[in-house]
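Chain IDs A, B and C follow the sequence of writing; residue 1 opens each chain.
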Amino acid sequence: MILTKRLSIDTKGQGDVRDVTAEVGQIVADSRLEAGAATVFVVGSTAGVTTLEFESGVVADLDHAFEQIAPRRAAYEHHRRWGDDNGSSHVRAAMLGPSLTIPFEERRLLLGTWQQIVVAEFDTGARRRELVVQVIGE
Amino acid sequence: MILTKRLSIDTKGQGDVRDVTAEVGQIVADSRLEAGAATVFVVGSTAGVTTLEFESGVVADLDHAFEQIAPRRAAYEHHRRWGDDNGSSHVRAAMLGPSLTIPFEERRLLLGTWQQIVVAEFDTGARRRELVVQVIGE
Amino acid sequence: MILTKRLSIDTKGQGDVRDVTAEVGQIVADSRLEAGAATVFVVGSTAGVTTLEFESGVVADLDHAFEQIAPRRAAYEHHRRWGDDNGSSHVRAAMLGPSLTIPFEERRLLLGTWQQIVVAEFDTGARRRELVVQVIGE
């Protein structure tokens, strides 16, 4: 059985990381499926999905690391060709990836205690993000 | 229901990024499944799969960022031990990852307008790449 | 049909990479499913899962690249707030991601010859890692 749901999240721009564990867990619980996997997919090319210990220190450290890899205020070909300002967002999002699959059993996601499902906003301004949460199970 | 298909793509070596969205979308449409997920998996250890806005600026920016992380002409243990020249390819591929899962509904992939499924070639020479596209749905 | 299994692995701390291809392949073979996908998910926020050519050179090169991105002995907000020493572990794990999905056919994982499924330990000390291996197929 397959269930496909959507979540909308308003983010504040680059560096904003949102914990969606409770929402994904609720979709799994409501599905009445006993075991399976939830896929979390972010629509768009300037955000990513991963897991992390959701506390403000780790969130700041991750942003700092991405700033080394793809600095916000560097020169990008994407800027030159399209007059845009979010080249760093595209690079970070492509590297992190848009999707994640988390197994569940007994209607509960098999995450660690300090492991949350997050959406990382990389775009340079506030965005409404659409997430697809798809549950496959039995 | 599960359907497993293969795609072959000829790439030009490190920095070549190929858009496979149309091919994956066609496999989903042909499957006659209404809803589910497509997993795209690249066979081999020197290429990766992700989504990005497929335009030449973003493709160049991503290559530039990977060149900072794992420069092509640096010293690698992999070179020293095996006489090979693609240490940078292995590092980049392991970081990006070989697989991606994209949900679909009404026989259409739930991608953003500017979000394409791509294979990133990291190897130092031209390669024939084999991709597995697996559709699970109902 | 869905099958959910667990693997426990004792790691030696940051930089330790373990090949779990044989274990995952055995779970697929034992499932008696002909075709489908295996999802490998590592529980916890300081380890990751990917594929790579499992040889000590590539393993060392990957560790070196992560040391550039998130140096072990740098200042981290996570340290400052929690008195912890594994900020680099959290950043590396969030970037690599905790899960991977590999298609199989005829009871065999569709990996390349030089492509192994690995767990990368990023934490600063030895850990017992729990992996979830979930097989969905028919």
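Simple rule for what comes next: a residue touches a chain if its C-beta (ideal position, glycine included) is under 8 Å from a C-beta of that chain, and two chains touch if they have at least 3 such contacts.
Bear in mind that the values here come from a model prediction, so they are computed numbers and not experimental data.
When you draw the chains as points and link the ones that touch, which shape shows up: line, ring, star, complete, or other?
Chain contacts: complete, every pair touches.
Could the interface between the copies subunit B and subunit C be described as same, meaning over half of its residue numbers are common to both, or is it different?
different
Distance between subunit B and subunit C based on Cα centroids, please, to the nearest Å.
Comparing mean C-alpha positions, subunit C is 19 Å from subunit B.
Provide the list of subunit C residues touching at least two other chains, using ranges where the numbers run on.
69, 95, 97, 101, 136
Under the definition above, what is the set of subunit B residues touching subunit C in their complex?
1-2, 4, 39, 41, 43-45, 69-70, 76-82, 87, 90-91, 93-95, 97-99, 101, 132, 134, 136
Under the definition above, what is the set of subunit C residues touching subunit B in their complex?
Result: residues 35-37, 50-53, 55-58, 60-62, 64-65, 68-69, 95-97, 100-103, 105, 110-112, 114-116, 136-138 of subunit C touch subunit B.
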